[in-house]
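Structure provided below as structure tokens; questions to follow.
Letters are used for the chains, namely A, B, C, D, E and F, taken in the order the chains are written, and counting of residues starts over at 1 for each.
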């Protein structure tokens, strides 16, 4: 059985992330979406919120599990007996960065393979940080994030007004 | 069971190709290396030779099969009940090209996923056409192609002299 | 009054083209879509068809005109008293190519400015040649071309069967 | 009447900026050069100086106005009844960044179009930050900035000695 | 003594080429500009003309020699006891191509080093093929080619009229 | 005699750096590897260590000298009567950055030429910062750094355990 790990901050999850998860869930027996916790980083949404958003927006995929982890990605992958890390690629700039990560991860865990999926064009410039910017300036998130995030964002933005 | 297809011309197979095949064979239950036949294209090595090179250089991977096909990649993938196409990415230029292919294949067969692997750095500028050029001008192929190709190339280059 | 020229082969026009035309029609007083005729090039659709597709799919924009021209783009621009050429940019690769064209056109007609629009993400890997490829292999054109082209393409593809 | 906005920090204005302004002034009825004020950012030249530099170096273009604004670009554009934002593109890296900005602005103000101009080759690696670096280390600014900036920079650099 | 070879088609030599030659002549004891002859290629200017253009436009650099060669670059480099090949880099696209050539040449002659110079910005989109295009369509070559080429091009273009 | 300067932080020196030094030492009469000191930057290895690593790992190249300098690169180059700066290029992204540096240095010292070498593929994603990351997380440095650095890193990493 091939288990794939899909790591990220997911602050918040976007429809681009959900698309990658859906496609990965058709290819691998189990997909573990893993919220990587970086104690030095400040997040807009709490870990609990981010996990809830992911759980809600992937509930229709029965072989997808949502998790959180603090530490090295390769350690998590090994602990779960996974062999594959999934990443979405939006642009050639993404790929240059990912080659560095791949090199790094291969050194720490040569048996782990990173596999890339081309992002759907509709999401090719979409990122969690773009969502946070749009929230700051009151831009519409419609068609960019799952409904559960739309609602949470509306509350946040409303609280501001 | 997830079957992955690794398509190409393999004229001839390089150690970069063999590295991708080896890594894919660890992730997927079955890997079908498929020599795509294009009747309009002229090849340096015959189909029979290319298949023999691939068979010989992947014989240590028991879940790898070698095949040839004339037609659309997506048709082959469906005929074999595969759901995954594997591609190696060497550079960001490769990715720009692959995004076009991905778009095209998704239109023909939305259920088929293309997954990319970053090429090992050692092979990041290696290609079959570079091998053919080196053969034309008598450059060393050492460390670039499997032994079986080294031998065949030596014979060809010898035959030229 | 600023007249803008939007040149291309439009073999056939895509929804990416139509999106650029629509956006340009809001900015410039007049937009002249110009089918550039290259006698050395072979086209899938006749000039008459290509003009008809463009006319039909831009009829809701009253300040858009459709035209055909054989010769240098800059000559056409001058003949129409236009000062602006509009181009869509899909990728950074597109931009590298366009910089060459810009340099060339500036030498022939320094008073003509080329202005670029970023393609809508939905169309960021879409091109007329991709459409022709999809037609060859029976892929769906849905959501990629205007209705009038969908119909014409269906007839062509049907005629093949 | 089409009004175009050309936004930036202009700390200080370079001849690359002036070239874009000149070209835009030939295409649009009115060009509003807008010094965007970011209270969190530290500038080398005061807002007053930056406005003076721009006013002086664009005085020969009668349809160019110089302005300053603190807030969202799209708000300024709307307030001025402009429909176009002008940006200069120097490299394909610039374009990747601008695609993100375009996506963001389109969400906030879908009716505003961003149009790009390829930078003149002579200015393709020139930026305000490069000018500030050169000032720090005593490099020549000749041919890179308008005369008024040359003079101001000389005074600053002299004051240092 | 370090001898550097600067290879190319030089059909015709541009001011971008002359700039690289001038800069190389300050660094290396001897610079051999080598017109590479490809019997399968069709040239606009004859070999004799191209050599004459190069000789005339580099005559002020006493350590620059002009040569022609048919065969492999690395063979020429070895025959001249040179250890260095000089190439101009205009864009990151150029570099991707040059990495392939570097790989190829290193296989044929590991002792030969290719050294790259960043093209002067003024010449960053200039190429011999752009010059030939401009000649075809009557564009000005002013500031793009040495005087001797300007004269020859004027004659050619005049002969056309 | 042509003296070339190879500048960097070398925190620590990698086998990619050593490869560039070795190749430069075959081309230039003297190669000065210069540890650039930036008082605002925090280093993992002390200046003394970094110099010792470089000295040890280049001792077989008799025309290579190791140095340290605080100040502008161009000042150091002039002080040593050098005319050439050597840089390794790993990717097209590197080149975009280097063009900016080249522009800057040319302004400060027009007589100094920067020459680029394509990094060996084996080292195309290797950097000092990748080494420091690997040390932090206990990844293997084998085949990435000279032996003297391997030993020092092992001590550091041991001291951590």
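Just so we're on the same page, a contact is a pair of C-beta atoms (placed from the backbone, for glycine too) under 8 Å apart; a residue touches a chain by one contact, two chains touch by 3 or more.
All figures in this text were calculated on a predicted structure; none of them were measured in a lab.
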Query: Quick one: which chains contact chain B and chain F both?
result: A, E
Query: Among the chains, which has its CA centre at the largest distance from chain A's?
result: E
Field: Repeat of interface B-F, chosen from C-D, A-B or D-E - more than half of residue-number contact pairs shared
entry: D-E
Statement: Between the Cα centroids of chain A and chain C the separation in whole angstrom comes to 37
Query: Using the touch rule from the top of the page, what residues of chain C touch 2 or more other chains?
result: 92-93, 96, 99, 103, 121, 125
Query: Which of the chains touch, listed as pairs?
result: A-B, A-C, A-D, A-F, B-C, B-E, B-F, C-D, C-E, D-E, D-F, E-F
Query: Along chain A, where are the residues that touch chain D in the complex?
result: 91, 93, 125-126, 130, 133-134, 137-140
- line: chain B residues touching chain A in their complex are 2, 23, 26-29, 83-84, 89, 92-93, 95-96, 98-99, 102-103, 111, 113-118, 121
- line: Counting only contacts in the complex, chain D reaches chain A at residues 72, 96, 99-100, 103-104, 107-108
Message: Touching residues of chain E toward chain D in the complex: what are they?
response: 92, 121-125
